[in-house]
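Labels A, B, C, D and E are assigned to the chains in the order they are written; within every chain, residues are numbered from 1.
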Amino acid sequence: MITPGSKYFFGLTGLSLISAILYMVLVNPSDLGAVALFGLAASGALIGAMALFTRDGDVYTDEEAVAVNAAAGSPSFWPIVFALGAALVLTGLATVPVVFVLGIAVLIAGGVEWTIQNWADGASSDREFNEFARTRAISAIEYPGLAAVGLGVIAFFFSRVVLAVSKEAGPIIFIVVAAVILVVGVLIATKPFMKGAVTVVVAVLAVAVLATAGTFAALSGERHELTVAAEADHYDASHRECGAEASDHYDHLANNTVSLRSAVTATIFVKDGKVYAEAIGMTKKVDTITIPRSNATSVMFRNLDEEQHRLVVNLGSAKVATTGVVEKVGTCTQLTGKNQEQVMTLKIPKPATATEPYSFTVPGATGEIKLVVP
Amino acid sequence: MADIATHDTDHATDHGHHSSTGLSNNKLAMWLFLGSECLLFGGLISTYMLYRGRVQNGPHSSQIYDIPFTSVSSFVLLMSSLTMVLAVSSAQRKDDAKTNLWLVITALLGATFIGGQVYEFTTFYREGLGFTTSLFGSSFYALTGFHGVHVSVGVIMLLSLMGIIKKGKITGDKAEVVELIGLYWHFVDIVWIIIFTLVYLIPS
Amino acid sequence: MSTNELTLTPSQSPGLVKSPLSISPSRPLGAVRRPVNTTGWREWLFTVDHKKIGIMYGCVAFTFFIVGGVEALFIRLQLALPDGRILSADKYNQMFTMHATTMIFLFAMPMAAAFANYFLPLQIGARDVAFPRLNALSFWLFVSGGLILNASWFLGGAADGGWFMYAPNSGPVFSPSNGVDFWVLGLQIAGIASLIGSINLIVTVLNMRAPGMTLMKMPVFTWMILVVQFLLVFSLPVITVALVLLMFQRSYGATFFDVSQGADPLLWQHLFWIFGHPEVYVLILPGFGIISEVLPTFSRKPLFGYPFVVFSGASIGLVGFGVWAHHMFASGLGPVSVAVFSMATMAIAIPTGVKIFNWLLTMWGGKIWYTASMKFAIGLVILFTIGGLSGVTHAVAPSDTQQTDTYYIVAHFHYVLFGGMVFGLFSGFYYWWPKVFGKMLNEKLGSWNFWFMVIGMNLTFGPMHILGLQGQPRRMYIWTEARAGEGFFNFGFWNLVSSIGSFVLAVGILFFIINVIKTTRNPERAPLDPWDARTLEWLTTSPPKVHNFDRIPVVHHLDEFFHRKYVEDETTHAMTQIATGEDLMRAEEAAADTGIHMPGPSYWPLLLAIGVAVLGMGIIYGTPIMVVGALVVLFSSFGWVLEPSVPEPIDFDSPSHDGHTKEIAPVG
Amino acid sequence: MDIVNNVKSSSHRIRNSIAAIIGIVVLAGCARNAPQDTWQPRGHNASVINHLQWIIFPMAGVVGVLVFAFAAYTFWKFKDRGQPIPSQSHGKPVVEIILTIIPALILTVVGVFTFRGIFELANTEDTQMVINVTGQQWWWEYDYPAQADQGITQPIITSGQLVIPVGTKILLRETSRDVIHSYWIPALNGKKDAVPGRINLLRLQADKPGIFAGQCTEFCGLSHANMRMEAIALSKEDFAKWVANQQKDYTSPADGSLAKEGEGVFLNQCIRCHQVNGLKKADGTPALAAPDENVYAGAVPNLSHLMSRNTFAGAKFDLLRKSCRSDVWDASSETIGAKYLAGVSESCLNATALRAWLRNAPAMKPMYSDPKKLGPSGGKYRGMPNLGLTETDIDKLVAYLLTLK
Amino acid sequence: MTTVTEKHADAHEHGMSDAGYIKIAIILAAITGLEVSTYYVNFGPLFMPALLTMMVVKFVMVVSYFMHLKFDSKIFSFLFYVGLGLAIFVYCMALATFKFFIA
């Protein structure tokens, strides 16, 4: 089964593998030389496999008299696909990497199909048999490949359309598309006139509409709010506003419950406008919470007050490296409503100094809990 | 990966063998696989449930979820279950044309669902929720992404199956193959039924 | 061993119909042709025969057993004296991680799979497993998983986080080499292999039993394997989730175990042990199954309380899913959880006890024949009892907080796993060797093998009880004189004893290898039924024919084979022999079925396994490799689907002039 | 309540009688000096566990002996002596059921004791003193929050050796900065993992003054074997002295002394990571260490009052030379307090180990501190690197460190 | 294929008619609508139990009817529900140790 041609290439693979390993052991494992030798081995293996696969390009037949390529010459559009791939690769080089990758994919697909087609054409003098050989060799990748391309095309174009329209229109378009698919299905299934040519027309039309809409949408870009959201980065820590009032982004639809209870070192309560705290293992209420330096430690904030509150931790002040301005350091939870809770995880790398002690406060409530970092 | 493998139908040993339970080997294997998948998705859902409220950076779930859109997504996937079951019953009636039709419709609905997920992930990402942003982000994308991969594998199987039926290259009992893929598809749907409720509708 | 033994003589092929194609060129398809006509190494590479796959599983698993054993010897060498200098801290950590991983995932599980693959279809009277190609896929995936795991030794260092790989120590910062990535991928792939294998075997047991073989007439080995496969089907997805989370964290920056983001490291522990505890029973139950065949055979009595043994096995399996947190008693679960899991853990001791009593009562009143196989089986009963009792001592959660993560635990699970599982497997080697290879292992060498192993095992692991109770923690690359203590119980003496014991143990294993080599060279054939055995696998030639049984047996009894040989006197209950194994075999051959079709060999399982391995490597070495892997996976899985399980005529050589084909499969 | 007491007293009786028989055998060979023995409780919590061990181990032993005796008899009695093939009986359900019930009963009894033990050990209600314990690769940090009723007015921070007063119910609040560790002083209690992001509670109580050894028992990476610790129980008076010493202000060495030069070296090198409370820079401002900029976990041992401890580098090395060490470790419970409080004098200093550590720390204890391999941790060390100090620098530093009493 | 599978195919005649499937789908769609309405309408204390119930009903309907479990062999139900039951058991236990269910 191993053809003579492939033997040479496999031999080359083996040799270069051995020399690569020797090179790695004796000379330098991370050197370019090793990479080159491995590359040689890989290409040897690849060409060897191709040689094996195409029987060194030979035709075996019982009828020795029949000309080798008696059945050859079936028309093929794979060269065109191959050329298209090459064009895309060149375009991609000049423009965007996506096109380049796409081009490579098309190039490989066209190349493989072309090779297999040629190989099958030379398999025997019987065209029917040659087609059988071609399918056996290639259909295992054609089916899933085409299916994957189909999925990709629909998902890509459809998502471009929904990304381009407004947030409210998205679900409507989605439901319309789904309904159309369903209705067309039902029509074809139940109405006798929806047969043959009509279905093809419907399918072609649907693909055309989707592709056109999708291309337009992709070119026009995503809807404005998304671009703004991406640029503004609403949820960046720098947007945190820790006052008593609700902030624009940070408190928008604030998160009101958490499931971190097993991991909090202390719980800070606000009740009737007053702040107090309990710590794990301590039987009495505490006015100081000690947490280890540089250790991610969670503190729970539970609001037992009628009004909304947030927990703020004050960590002294520091010079901002970029501007040189001294600013207050600290962070806060979102506003939480009555009987609701949030967790704040702190990792404080510097111990508190006497001049600016750390503390927890709740804007709009009295009292503070001291925070000690030894 | 395991999906594909377990789908494969080895009929050989049906030959010349009785079957002790009178049931098909393939269906038994498929149901076992689905039973096993329950623990896979259970693990991912539990991870999400544990981590859903843990946000140090970036948005919380309630700040970015687009319930109307996801509702439509869920509806579409649910309807694809209907078309799938219609494909199965057509296959059992040996009606190749209708089987293929419903397979394609199911695949189309599945593909738009995936399109919807691409849309959803893109908007979330634009609004500041990346895979590495927070525990919520990691566990959300891991869970829904795993589900999305399952749907995608399903769509590829449906479309390929359609092609294979058309070319008459199916190995084994056609109706049963359609039914097996149907079981997988419905399973993906019921996982989404759970995800839709536990992840989207119940706030963290 | 010679492959000739498994090759059938060419014969007429009634299954071969005329090709639909008018012209059949002689070798038109090149590599695309199916490997129907294989000999030599191809016969093994592309086989889907459960027996060949079983043998390959066994060989590969035994190789890994030796690898893991050498790792263990390094560990003991390092710890023989205080402040050992054989290994660096880093190498030591890799050593114990890989020792455990190798022994569990690359030796114990696949060796059990080897026995299951080979004997399960034979014991239930089937011609193959339900999905022969999936079976091959399982094997090749296991091989790729094993190779990936061990490749890490040469690619920057093996995993160093312990086989439990607790987060966050397994994270990218704390374990910076690629070792953990290889570990994750290796286990993931080996896990998929086991999952596929388990689905396959469950379907086989449920659907392929011989007529008359109800579930309660199945041999206990088959029952235990069935329970194990259910454990695997439902526990492997859990570790899959854990490994996926860890992989996402390490390779793609996810935050699952990043404490500064608020993550809880105990999530990993739960996921790991939800899998990990059923895994313990996955390891031990095949051993139980083997000796439940061996003890009755050599006591000449049926298993005492068959239904109780079966149900205790099943209940061990079920309760095994509810005790995982006893591995986490020290991790701060809170008293309620600890109490619940502590009680559940004690409960699981009950069915285990039932099994031990039943084995002893099987021997009670018997006619015990002390062969090597029987000695190993008895060794299991005794050593497992010791391990079980020390297990009860740490079901008591407060007591466990003194013992967990000390050498006491190491002693416990080595008594359970080495004394239990490994002794069971060796018992199986001696019992079934004549069946698989048609030759008897030498009993005398077997005896040496047994006594060296049993003495070595107790010398190695016995002292670890003392070391643990004296406070020597596990996983320490050195121990120090300062904490060793003085007097009879000091670390120094017992560590040295343990290290010496490990070499005695190694000599015991060496005796086995010598025995195998000697047996292979010995031309003498084994008798058909050397042990006067009881179950269906003996109702065929040794080694069995490709199609296993000349005709599918019809089953009337538990221990069908025995009851075909003996009749019981109604009044005295005395047993009289009416036939020998040879007599039965002649009857079978005379009434052989004709036209048996066996599934053809296939390239796809091997190719698919390679594709999965390449896909996995892509996670470490970059997306392009992943894409290539994914393409191979797609290609081979669809190639598989499109390939009929029985080869098409075009795949065979055209009939030669004497009218015979070289086709292996169709017989009769 | 009565029932509980009865059970308790009967358990004591069982325990005592079994202890009398088996205990003699075991204790005869028992190590005189076995620092991590799990069978020598020195405080309440460990005793609770020990009671349970004395129930379950003898029970397991008795069951084992019975089973083995039965097995041995079976092996001998039913050997093949040419007897006929026995009748093929498939077992007796009555026997099976009895053999199921007996272990179930035994385990129920054990279960009751276990249940009580678990909840007794989990009790933290009557805690008298709280200490935060933080694990880090490969050492332990202890910080004592201010607790006026224990005489601690300012937070105390130390490492390696945990100092506790006897007869006091101490609560350890354990956590970790990096990976999971496990705190285990066998003589005082079972182990409890220090899990990052979690606070795990562990109660300790020592009956008498003494030094109790322990070891990290959750695998925590490269130098897991080198992560040791000790608990030092002091009488209440001695503990008050220890607290007073820890809260003492920093005094700079006398000008012109070798130690003063050492302070300079310290301010040059060590201060990048190691804090000494009260130490001031040359310009008079407080010298603040910034371990978070150099070390991945963001903290290193605080060296204030270093010489009041007896060990360093994760308790791997002794600060006392051998004879001085055994003087402290082997001291009776009456004298140990004074000996421990004496700290490390120049004559007792284990200078070899300390100098070797300063010369090249990674050679002494495996750590991730090779500057070339810090990629994954963002260029930060995970252990003390080789600082390339000269021998004179080391002389000066040792002299300085000796002043940190 | 052999007669075995033909017999097996007959077993599916116990399934439903296409109209039946459509009916089930309509019910499922209606429940989904109801589920979505909880987002807009305040259900008060009923919110959680109502949602979970609807989820379970949908799940069971798809499994029983679309996946034929109701009409098929009990062995299939056993295999699937054992997996499902174990999943619910172990993960709820695990989440319980994280005090997930304590409000």
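Couple of notes before you dig in:
In the analysis below, contacts are C-beta pairs under 8 Å (C-beta built on N, C-alpha and C of every residue); 3 or more make two chains touch, one makes a residue touch a chain.
Bear in mind that the values here come from a model prediction, so they are computed numbers and not experimental data.
Taking the mean of each chain's C-alpha atoms, the chain whose centre lies closest to the overall C-alpha mean is C. Ranked by separation of Cα centres from subunit E, the top chain is D. Two chains share more touching C-beta pairs than any other pair, namely C-D. Work out the mean CA point of subunit C and of subunit D, and you get 40 Å between them.
Centroids of subunit A and subunit B (each the mean of its C-alpha atoms) stand 18 Å apart. Remark: subunit A and subunit E have CA centroids separated by 30 Å (rounded to whole angstrom).
In subunit D, 196-198, 201 are the positions where the chain touches two or more neighbouring chains simultaneously.
Contacts with at least two other chains are made by residues 206, 233-234, 238, 259-264, 266-267, 271, 334, 637-638, 640-642 of subunit C. Taken residue by residue, subunit B touches two or more other chains at 11, 15, 18-19, 21, 23, 28, 32, 35-39, 43, 49-50, 54-57, 68, 71, 75, 79, 86, 160, 164, 169, whereas all remaining positions touch fewer.
Residue ranges of subunit A in contact with subunit B, taken from their complex: 135, 139, 143-144, 146-148, 150-151, 154-159, 162-163, 167, 170-171, 174-175, 177-178, 181-182, 184-185, 188-189, 222, 226-227, 229-230, 233-237, 252-260, 334, 343, 345. Subunit C makes touch with subunit E in their complex at residues 206, 230, 233-234, 238, 264, 266-267, 270-271, 274, 321-322, 324-325, 333-334, 337. Per the touch definition, subunit A reaches subunit C in the complex via residues 1, 3, 52-55, 59-63, 119, 123-126, 128-129, 132-133, 136-137, 139-141, 143-145, 148, 260, 262-263, 296, 298, 343, 345, 347.
Only residues 29-39, 46, 48-49, 52-53, 56-57, 60-61, 63-64, 67-68, 70-71, 74-75, 78-80, 83-93, 95-96, 99-100, 103-104, 107, 110-111, 113-115, 117-119, 121-122, 137, 174, 178-180, 182, 184, 186, 189-193, 195-198, 200-201, 213, 215-226, 228, 296, 318, 366, 368, 373, 375-377 of subunit D touch subunit C when the two sit together in their complex. On subunit C, the positions that touch subunit B within their shared complex are 126-134, 137, 192, 195-196, 199-200, 202-203, 206-209, 211, 213, 233-238, 240-242, 244-245, 248, 252-256, 258, 260-264, 267, 271, 552, 593, 595-600, 608, 612, 615, 633, 637-638, 640-646.
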